[in-house]
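Here it is, the structure, as structure tokens.
When the chains are written out, they are named A, B, C, D, E and F in that same order, and each has its own residue count from 1.
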Amino acid sequence: MMLLPFAVAVSVAFAVPLLGEASADQVSRILVSLQKNLLTPIPLCFLLGIICTRIHGGIKIPKELYYSIAIFLLMSIGFIGGHELAHEYQAHGVATIWKPALATLFLGCVTPITSFVVLRYIGGMSIADSAGIAAHYGSTSAVTYAVANSFVEQAGHPANSFLPTLVTLLECPGIAIALVIGAALSAKERAARAAESGRKVKESKLGEALYEVMTGQSIMLMAGLLVIGFVSTLYMDPKGFQPFYDFFQSKGMLFRGALCIFLLEMGLVAGEKLGDLLKVGPFLVAFGILIPLIHGFLGVYLGHMAGLNLGGCAVLGAIVSSASYIAAPPAVRLTLPEANPTYSITAALAITFPFNIAFGIPIYFEMAKFVGAQ
Amino acid sequence: MQLYPLKIVTVVGESVIMEDIAERGVELGATGYTMSEVIGHGSRSARNVGSTAGGAKTLKVEFVVPTDVATTILDEISHEYFEHYAIIAWLSDVSVMRGEQYTRKSGG
Amino acid sequence: MQLYPLKIVTVVGESVIMEDIAERGVELGATGYTMSEVIGHGSRSARNVGSTAGGAKTLKVEFVVPTDVATTILDEISHEYFEHYAIIAWLSDVSVMRGEQYTRKSGG
Amino acid sequence: MQLYPLKIVTVVGESVIMEDIAERGVELGATGYTMSEVIGHGSRSARNVGSTAGGAKTLKVEFVVPTDVATTILDEISHEYFEHYAIIAWLSDVSVMRGEQYTRKSGG
Amino acid sequence: MMLLPFAVAVSVAFAVPLLGEASADQVSRILVSLQKNLLTPIPLCFLLGIICTRIHGGIKIPKELYYSIAIFLLMSIGFIGGHELAHEYQAHGVATIWKPALATLFLGCVTPITSFVVLRYIGGMSIADSAGIAAHYGSTSAVTYAVANSFVEQAGHPANSFLPTLVTLLECPGIAIALVIGAALSAKERAARAAESGRKVKESKLGEALYEVMTGQSIMLMAGLLVIGFVSTLYMDPKGFQPFYDFFQSKGMLFRGALCIFLLEMGLVAGEKLGDLLKVGPFLVAFGILIPLIHGFLGVYLGHMAGLNLGGCAVLGAIVSSASYIAAPPAVRLTLPEANPTYSITAALAITFPFNIAFGIPIYFEMAKFVGAQ
Amino acid sequence: MMLLPFAVAVSVAFAVPLLGEASADQVSRILVSLQKNLLTPIPLCFLLGIICTRIHGGIKIPKELYYSIAIFLLMSIGFIGGHELAHEYQAHGVATIWKPALATLFLGCVTPITSFVVLRYIGGMSIADSAGIAAHYGSTSAVTYAVANSFVEQAGHPANSFLPTLVTLLECPGIAIALVIGAALSAKERAARAAESGRKVKESKLGEALYEVMTGQSIMLMAGLLVIGFVSTLYMDPKGFQPFYDFFQSKGMLFRGALCIFLLEMGLVAGEKLGDLLKVGPFLVAFGILIPLIHGFLGVYLGHMAGLNLGGCAVLGAIVSSASYIAAPPAVRLTLPEANPTYSITAALAITFPFNIAFGIPIYFEMAKFVGAQ
């Protein structure tokens, strides 16, 4: 926890140049990185989506296409992850993996707490809202992973092969911890209210909701395909394995192309949520930008400590900083119905996600260079 | 052909709770239900987290039931869900073909 | 604006028979129908072969018709389909805008 | 649990006009609406240009409203859309859970 | 406008051989071209769709798949168009492009007028119906573009690289002009009717409908991806660009394969509309074949004047001749509700589209040779 | 018909080793084959689906994606089938094909009868249920074909090129024969019941249902694309043909990847049906495993007699043994409404299909070696 003040300082140091008050060299390095990132199809498709919504344009992505792409992306991340993990495992056993895995789990436990504390005690939000938002920021966004991974590959610094495994590890703990905090702290309130209304206390849906998170689509597909990719890499002959690899591999055209369409739809939705920025107020907007920078730096730093390479640190930073907008929302809605979903979803989808896609990822990359990752 | 006077309880609400409500209806005496996907707009529909990317998910569920079951279901929904969730529910009169078989637990 | 008292016949059932039922309704005097896809759960819904891979296919069809046509349609469905198929049907009262034009064959 | 007697206005018609109608309903006093996609067949459904490649798009929209709003909505639809568009609309009676909150503009 | 009689003459000269009364050489050249076109998967899939509908067969393409393919095709046309435009722009600036662009805009303004005049004064159709159909024929069909482009590529004469840009230019003006004509001419009628019924004149939806056309899915996706393709070609390094290119590029398997499935669905729909041919009468059938020949020749001729190559002239002919069945129908339905959509859609979808796919495209190709394009 | 006892004997001989009581050599060969099959992505995805359903996990494949993949697989099987058939035809005329085709048709007529006899007279099931299930086992499953074909290719023994043609031939006759048997035998019963109830005998939907089977999606797409693949192979130049080939070819990434997602969904559904295994009772479970072994051996044996190669025999065995779960269910439901669909669908989808995917296909492969196919 003593890392936190340091993390804050560095994050701010990295955020500041963006505001134009830093050494010319650092600014220009970041600007080049930004341009390299921004003027590529993936963020541009996101932008197109936002523009289209704002001018009431007619692009409509059928939700079945969106879901199908999500399924493909998750399967792909898992399968290729399992494949790479098998190679890593064959070469080094668990020697290279256990430290980053532990670091990731640690981050999955810390980030919901930092988020909750900031929201409740600095932002003064209600217990339910604080815990609900914390659940989103404690988990991760697989699409942010995919975009970050594309970025470091395009930058010539591919991440360590087992990063997809880390994404899988990061999905659940943060949601669980935030919901437990929320449920525990609001139990008293509920009891009081129930007594008042003369009806018995509703049984909490916490257990049910946690089970649903842990067996949700994201985890089942990523972890399931991770195992499948691992096993079939070990047991199939490479020729038979090839077509599956071609279909799923993330360097390939299908993955990048699918990402474009996916980001277009996310832009369409984010465009709508932009209208809610006023409703959620300046504190949450600041939170949605600064917390990712802090969490991102923690991810980069601990990743570096755990031995990740340059790309790996940047990607770990990106996934730790990102907020879930698929697994977390329904779990929060069920467990903490008093929480207003407009807050959490606007923050995750209309602030943090675009910030990360456009600026965060190149910044984490620079942070990773800064901490000395290679 | 026998027509039998029964009630239909129609519930429209955000997706996270609608499967629970459908199951609850069956527990409370409905012999089945009919569910469909709709696009909803109301005073609280912004609460619907189905409306993140992937599209608006509001569900409608209908129960064909005797009056007492109808009342029980509506009562339950009113107390358990109305406060915090985007939901609307109403009751209407229908004459059901061979309707006696949809009264299974109506004594409950 | 004229409102005209008519009936709505609503039929919910497994997909293999619902197109037949819609066409039969038109033959028996309905001027049209409105069909939608639903998710159904009932006592016999396991019979629905639509529920092999690819998803549950239950359909709902509604006919706005005069009383006599409504009775004829329900009678037909009750005798032809009720025994072996997963199906439910009911009748309700409605006031239809410019409703006289949905009575086309009501003399039949 | 309070049940409140209200009306439901149901409109089924070709897709190009249904979003307009839903918004118009809210302007005229409905507190919300529930819309769904259906497959329609009627005397003028060939006019539905949704039925070019990509599939038949007919939409159904329902408004839970007090009587006077119901009448206003039906009146508007009857005059603005009935002549040229494939559309049907009807009114039915319902008892709505906590229904007083769907009467927002009913004085209008 | 003095081109018109000439265009009519040449079109007829090209149509006549099809009826079997021309020089053996010309006939056989056209027949070879036709066979080369007809016995390929794309038109055969269309045919399969028609047959399936006529025999009440069971093929059902989920409409979400159809929409998804449409989205992919539009994005693909735009993206590759932007990519090629960037190369063209880097090599020649706007020198090679401005003339074809002007010619295309000119054709977009002329074709709705010729269509309206023929329908109203030769066909004696109502103002609303004439304007409605003219809106369809004044615009264009992106799928006809895709098929024509495949045809000229397979024939070894790829079109100029900026043709997708021309498709984008051709989409809107024709619809706008036809709707304005229709609205203006029928305003009097409406006013009279409104007075009679004692209700105030409804405000026309013209403005709204035009805005919807200009920000509709087709334009947003094609123009949006055109910009994205352009920008990322200029700023990305080629290695990073490659996977996106592979995903979208029109020579590739995805594009052609997607076209097959798309044409299958269009065949299924066209098969149903065939039943309406009797309803629309012989005049409209003749219109749906002859007007494309005339507009097609105009396209080929002006394209040649503007400096397009052989493939480019043929493709411009095809897109000018083609009728919109996606953007135009809802715009017409909203603005001119008295128009009977059965007329316009049957003409566009069950007459002109199949005619172009099967016969038109090879004919425009021969026309392009005839005018001397190379 | 005198083959049957022999087939039963051999099938049992092959089934027995699985139970662990055979020569070490045979067992180990089969086990290697099984492992080669089981530890590959396709069956593993099926398993993932089953597991997900059993633990109430959250994977949801949109049904439009499922249908889209089905369409792609059927088109692909047909198109590549037609392409290969064209080559075979150009090389050998019909010399190599007519015998396997006849054998397939013969098997299509025999298997519904063996199924019906076993179900009615050994299992003591009702006429309607026996005929209904027989209709499923008399037809075939295109996905089982696809998986079997992948298996023999991965095993280095690709099947004869015209196997897809045989799949098409096998689809309809079995359903037709079983439904006719069922309708004929239950006509009396119906008449009696009708007399009792005082209403006239309902006209049977048999004709209608058979027409629907013969013009159903599976047949139209497979046979349609077979013709398209055949024709365009003969008439197109290879360069123009290539992109279509790349899109549809079954060795390629798209086909295998699509199969993974398809099998995942089938696993999700089969997992649900597993709950019905208790309802259908031990006889039907045994039937669902033994009848495929018998039919499979018949397929392998007759295939060998008709001159198929090793892969071809194994694949023919697999498709003959497989049960339809797409075309048959609605046809049976319409024609024999008294039949309980739970029986037929559980047998086809939750017993025979997984058995074939996991164990059947490698067994048919060993059977094919056993009868001497090469």
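Here, a residue touches a chain if its C-beta (ideal position, glycine included) is under 8 Å from a C-beta of that chain, and two chains touch if they have at least 3 such contacts.
Bear in mind the structure is a predicted one, so any value in this text is a computation, not a measurement.
K.L.:
List every chain that touches both chain C and chain D.
P.N.:
Looking at chain D and chain C together, the chains touching each of them are B.
K.L.:
Are the interface residues of chain A and chain F largely the same numbers on each copy, more than half shared, or largely different?
P.N.:
Chain A vs chain F: different; shared/all numbers falls short of half.
K.L.:
Comparing B-C against C-F, which pair counts more contacting C-beta pairs?
P.N.:
Counting C-beta pairs in contact for C-F and B-C gives the edge to B-C.
K.L.:
So which chain is farthest from chain E, going by the mean of the CA atoms in each chain?
P.N.:
Result for the farthest chain: B.
K.L.:
Name the chain whose C-alpha centroid is most distant from the C-alpha centroid of chain C.
P.N.:
Here the answer is chain A, farthest from chain C.
K.L.:
What whole-number Å value describes the gap between the mean CA coordinates of chain C and chain E?
P.N.:
41
K.L.:
Please work out the Cα centroid separation of chain A and chain B, and write it as a whole number of Å.
P.N.:
Each chain's C-alpha centroid was found; their separation is 36 Å.
K.L.:
Hey, how far is the Cα centre of chain B from the one of chain D, in Å?
P.N.:
20
K.L.:
Two or more other chains in contact with one residue: find those residues in chain E.
P.N.:
62-64, 67-68
K.L.:
Two or more other chains in contact with one residue: find those residues in chain B.
P.N.:
Residue numbers touching two or more other chains: 36, 79, 92-93.
K.L.:
Quick one: which chain pairs are touching?
P.N.:
Result of the pairwise touch check is A-B, A-E, A-F, B-C, B-D, C-D, C-F, D-E, E-F.
K.L.:
What part of chain F is in contact with chain C in the complex they form?
P.N.:
Touching chain C from chain F are residues 63, 66-67, 70, 199, 202, 265-266, 268-269, 276, 325-326, 329-330, 332-334, 337-338, 340-342, 345, 349.
K.L.:
Within their complex, state which residues of chain C touch chain D.
P.N.:
1, 3, 6, 8, 22, 26, 31-36, 64, 92-99, 101-102
K.L.:
Spell out the part of chain F that touches chain A in their complex, as residue ranges.
P.N.:
Going through chain F, the ones touching chain A are 35-36, 39-41, 44-45, 48, 51-52, 55-62, 64-65, 68, 154, 251-257, 260-261.
K.L.:
For the complex, which residues does chain B have touching chain D?
P.N.:
10, 12, 36-43, 45, 58, 60, 71, 74-75, 77-79, 82, 88-93
K.L.:
In the complex formed with chain A, which residues of chain E make contact?
P.N.:
Residues in contact with chain A: 62-64, 67-68, 71-72, 75, 79, 212, 215-217, 220-221, 224-225, 227-229, 231-232, 234-237, 239-240, 243-248.
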